[in-house]
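Each chain gets a letter, A, B, C, D and E, in the order it is written, and its residues are counted from 1.
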Amino acid sequence: ATLSVATASNFSDTLKRIAPAFEKATGHHLRISAASSGKLYAQIRHGAPYDLFLSADAARPIALEQEGLNLPGSRFTYAVGQLALWAPDPANHGLAQKRLENHQFRRLAIGNPKTAPYGIAAMETLKQLGLWDALVNDAARGENIGQTFQFVATGNADIGFVALSQLIQAKIDPAQYWVIPAQHHQPILQQGIILKRSANKKAAERFFDFIKGPAAEQILRESGYLLEAAKE
Amino acid sequence: MMGPDDLSALWVTLRLAMISTLLLLMVGIPLAWWLARSKSRIRTLVETLIALPLVLPPTVLGFYLLIALSPSGFIGGFWQAMGGKGLAFTFTGLVIGSVLYSMPFVVQPLQNAFAAIDRRTLEAAATLRASPLNCFFTVVLPLARPGLITASTLGFAHTLGEFGVVLMIGGNIPGETQVLSIAIYDHVESLAYGQAHLLSAGLLLFSFLILYLVYRMNGTHFLHREQR
Amino acid sequence: MNNALDFRFKMSLGTFTLNTCGEIPIAGVTALFGRSGCGKTSLLRCIAGLEQAGEAYLSLAGECWHDSERGFYLPPHKRDIGYVFQEGQLFPHLKVSGNLLFGFKRTPVEQRHGDFDQVVKLLDIIPLLDRYPAQLSGGEKQRVAIGRALLNHPRLLLMDEPMAALDRGHKKEILPYLERLHTESNIPIIYVSHDLDEVARIADHLLLIEHGEVLAAGPLSEMLARVDLPIARNEEAGALFDTQILQHDETYHLTRVGFAGNELTVSWIDLPVGERVRIRIHAKDVSLTLDPPGPTSILNVLPVTVIEMSAHGRGRMIVKLDLGGVPLLARITQKSQANLDLKPGMQVYAQIKSVALSL
Amino acid sequence: MNNALDFRFKMSLGTFTLNTCGEIPIAGVTALFGRSGCGKTSLLRCIAGLEQAGEAYLSLAGECWHDSERGFYLPPHKRDIGYVFQEGQLFPHLKVSGNLLFGFKRTPVEQRHGDFDQVVKLLDIIPLLDRYPAQLSGGEKQRVAIGRALLNHPRLLLMDEPMAALDRGHKKEILPYLERLHTESNIPIIYVSHDLDEVARIADHLLLIEHGEVLAAGPLSEMLARVDLPIARNEEAGALFDTQILQHDETYHLTRVGFAGNELTVSWIDLPVGERVRIRIHAKDVSLTLDPPGPTSILNVLPVTVIEMSAHGRGRMIVKLDLGGVPLLARITQKSQANLDLKPGMQVYAQIKSVALSL
Amino acid sequence: MMGPDDLSALWVTLRLAMISTLLLLMVGIPLAWWLARSKSRIRTLVETLIALPLVLPPTVLGFYLLIALSPSGFIGGFWQAMGGKGLAFTFTGLVIGSVLYSMPFVVQPLQNAFAAIDRRTLEAAATLRASPLNCFFTVVLPLARPGLITASTLGFAHTLGEFGVVLMIGGNIPGETQVLSIAIYDHVESLAYGQAHLLSAGLLLFSFLILYLVYRMNGTHFLHREQR
């Protein structure tokens, strides 16, 4: 069968790497639709023909569960995101963390806490570091973490909170970033559900099994995600 | 290089832009004519309503369209009552959304072009046995050619670049509702800048050629001829 | 009425009111004559159906085109008319040829008459066929507009000052063609003009319009011979004669025509003996003598009887004369009248310069 | 030259070539006369600066406006002209009043002459002031266009068939005003018309144009008296006389004028005795007799000498006569010439109907 | 209800829309005039280039603008050389982006309106002492009024609803670059549908009123007057 997967943008690349392995293993095909989790949520509420939803957070899957749109018991955390502070030009100012704390930057980029789960994590981190109030008003806020990454990548922001997965994917020199320790923010739980109206529930369940399996775990780790089990 | 998804996105995009432009003209031309000639009270109201979707951010407009297109919604309900299947997340739904969103760019230039036509020229045509419909095709449309070109190019280009509405009500389904603009967006989002540049350059080049040819042809219009 | 265009229109345009009603014979040329702004164009537009008067009745030879009472209105494109607009109104997007053929192509084949080549030759527009209207001179535009209306194969031709931008040379070529048009093809023409000379040359029937109303209407000769109308005061007032060609004088290039027992010598008329022609004698070209004059360059000296005299302003008079039963007008000064002691019933001689006869 | 408009233009429009050069006196009215399409409008546009001919030279009273050799070109808005366009060209977005005042408002105050109220009254457009051009009749538009140009306070007035859409009544009111304009304010007028009658009434100078070239140019009276030009063939050919008012006859409403030892009786002229007036005698209104005529309605019979005769087609002749040193033209038939056996040097009598004198 | 962020977004939006519309007209009017009258070879090229940004998805356009605005980019580099500070994430940057993106909607209707003006009317003005500039203001602009209205309303409405570009180059900074469209979008994204509805309704109502009034006034245009 062909499985229609709605995935949060930040995970779509990783998913594309998992897909061939899954297809080879099961013979099922994946058709990937990427968008922000908020859009996907709205679409699903209005009848979007997806089988699976891989959100960038836990809130939206929970909301869908409360609305009874998911296959009961299907919700689980398929990956845990890692936040990183990226400062592409360390040669001049030293480490990213120092530059943040010493205000050695022109413009900080973060995800918008309202719309991007990585934004929430960035906010919590800044609050813990006691920098939030000083920086919040000037920060450029990306709609999602992809946009936040572009702010930094294009040089318009010289420092920013992005996803570790992006940095790895873009093959950024680790000297340029600081992976934020897990204790600085609530874990970024990326949860998925199978939709109740899916006509391919069997195949969808096989996909969820596959993503929990060792082959996928390998890819997830390489891509910069943690696993739920590892967190505990 | 271009993946198969990109190719199918290209195909969906071209189909969407062409069908939408065609529909926009089919709906927009009579509408603009009515707006240009009517003395009705509700004319201004209709003019305003047509321009209104513009002020909403496309994704938000898409959001409301999604609601309207859903089986319990205004348009979707009607559609289903007529025996149609769901509209959201289908190509048909995309067409509806694009047409609505690009309508003002088509109607307003046409309306201006129609309004500028001297009534006496139409009277001359009437005394020369041209029925109103015949006159419309043989006199009004040729005289409104610059407006028609502007309407078509703005409509076409806007549909090509259209994105927010399409993403929302189309759902980014490859081969069905994933258009080139979304594909490029995806590439940018997923840091595949190389591919994004490639696709953007292709789209720009293609559009440049089309627009250039169209404007070039329009340059030979009688209005640009030496007058006295 | 069966062989007339019956009309009645009542309509307001701003402060102007058109309130006309009348009957126009379907044969020949009817001139609408009146001052600028009197409503000539408005009446023509009503007849064409371009203006829908509140109260309107119009029928052509018994066929109803407009009847506001019955709520009947035939739209212009179904009226089989040709309209030459006062301001041309050529299609800017079509070349001259496209303009000329616009109505032609839309006429059912069996209804077509008149010949494209002939019309463009007559109007002297052959070198213009491939141009756009914006590339024409004023008079050229007007000639194309005339051609476009002619090639529409109308049953009724409406012309709004069609010659205003044309020089005498072109007029001289086009006017006879229009005359032939209505004699040969029997197409009635309604012709707006403020040039009484032109009107006299071509019209059979005259409608005088003033302030939106029909002041007087009738056959041209009668109207021109009436001394009570404002046109009598006009420089071009005069009498009309329907004559027959009697003889040609090839040596001197002259033609003799006869009417009601009288004869006149006029400039050569290029028609066979026996043909009927209309000639016109301006009142101002007629002088009177009591005795037959001696050797003179004036070829036509005719005995006439004074019928009626009417003074009008500024020391002038119009004298209505009887020429074997036909009225002839002469304009003289009051002083001359006193000198000659003219009175109704007197026998005098009318001198008419042959070259003053207009055809 | 210092008191003339010197011009030389060479330009192509499609297949048409304008190749003119000449000199127009700055006083009085100069008429441009020629067939439709001969280049009258094109020449006027070159003078206004609306057309930039490839080869161009233009100077007004020694002040250079255009010299393509030096690369000098004064744009139209700096030329102090008034232009009445052949096709009106009113501003559609302005009311009649706005149109009239467009140039007025842009004229430096010290340069203003002519009076708004007077102009609108003369042109009979007071009730139209509050209308848009789309709400006017054809003739009304043309009158507004004339007013707009007059109120621009020009140093040079260019008029392209300004009266084509006007009836005789309006023409009669506007023409004398234009005459006064150039006599009183000394504004030269270049006047395009194909109506020789109108030209003769108003012009002092005539430029004959044919196929884009100046065929002949000169003072009107000379031009009209020339028997070699195509205009002699025109119905309105005739001679001009500059006369002085001698006496008024109140009873018969007549005026006697004198010139070069001769006298003429004409219709009442409303000017004081001693004033100079120009009168015109159409060749077709002059008849010849060998003996003095008996009692006749013709008031003017003058002894003249035949100078020269020229036949032109169709059995007609133009006879040039000497009237005390001034040329007079008569158009007669060849037959009359034969009858009277006219020869140069012969003494004859010219009969002129007083009412045929045009003012 | 409306939070303080929403209010400041409203204010930024209005400022942006008004300044952009003004700038659009200031740049668009001369440009359109040149396009309408020029016989230059590069006219068609310029026409095409103006319409081109339309075919890119706004966020992608925003992405390229972001590159151009960066200190090492085409525009940003020039700006900094001129002594300006960074352009991205500033109101100035937003204005630049909006103007670029909405340009075709302003230029094309104006160009058509200008091209339709009879050259002879301008000649009449010239013979009546109007200098080219004076003629432009007293004859051309009034005659082009319908095109001007269309250009302004499309430009204004499009800037109001503009979103993708603004989001990208603005950085969504409250009080500086967060416009209403982004605020509404945020509400939709974060599932605060109630607030989204409220803001959308407000924006629609406000725009409706403005557009209605403008179109109503335009209805009294001389072109709509009784003609013959």
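Everything that follows uses one rule, which is that contacts are C-beta pairs under 8 Å (C-beta built on N, C-alpha and C of every residue); 3 or more make two chains touch, one makes a residue touch a chain.
Heads up on the chains, UniProt names are B, E = Molybdenum transport system permease; C, D = Molybdenum ABC transporter ATP-binding protein.
Just so it is clear, the structure is predicted and the values come from calculations on it, not from any experiment.
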| query | If you take the mean of the Cα atoms for each chain, which one ends up farthest from chain E? | reply | C
| note | Taking each chain's centre as the mean of its CA atoms, the one lying farthest from the centre of chain B is chain D
| request: Report the inter-chain centroid distance for chain A and chain B in whole angstrom, where each centroid is the mean of the CA atoms. | output: 36
| Distance-wise, how many Å sit between the C-alpha centres of chain C and chain D, to the nearest whole number? | 26
| Chain centre separation (chain B, chain D; CA means) in Å | 60
| request: Mark out which residues of chain C touch at least two other chains, giving numbers and ranges. | output: 13, 87, 135
| Per-residue overlap in chain E, given as positions that touch at least 2 other chains | 59, 63, 118, 120, 182, 185, 188, 227-228
| Tell me, which residues of chain A touch at least two other chains? | 39, 42, 147, 150
| remark: Counting only contacts in the complex, chain D reaches chain C at residues 13-15, 34-37, 41, 86-87, 127, 131, 135, 137-140, 143, 160-161, 164-170, 194, 196, 234-235, 249, 251-254, 265, 267-268, 284-285, 287-291, 293-299, 314-316, 330-340, 351, 353-356
| note | Within the complex, chain B is touched by chain A residues 4, 6, 9, 12-13, 31-35, 39, 42-43, 46-50, 144, 146-147, 149-150, 153, 166, 169-170
| Of all residues in chain D, which touch chain E in the complex? | 48-50, 75-77, 79, 81-83, 85, 87, 89-93, 102-103, 106-107, 132, 134-135, 148-149, 152, 158
| request: Enumerate the contact residues on chain E facing chain D in the complex. | output: 118, 120-121, 123-132, 134-135, 138-139, 142-143, 145, 222, 225-228
| request: Name, in rising order, each residue of chain A that touches chain E in their complex. | output: 36, 38-39, 41-42, 59-60, 63, 106-107, 109, 112, 114-115, 137-143, 147, 150-151, 154-157
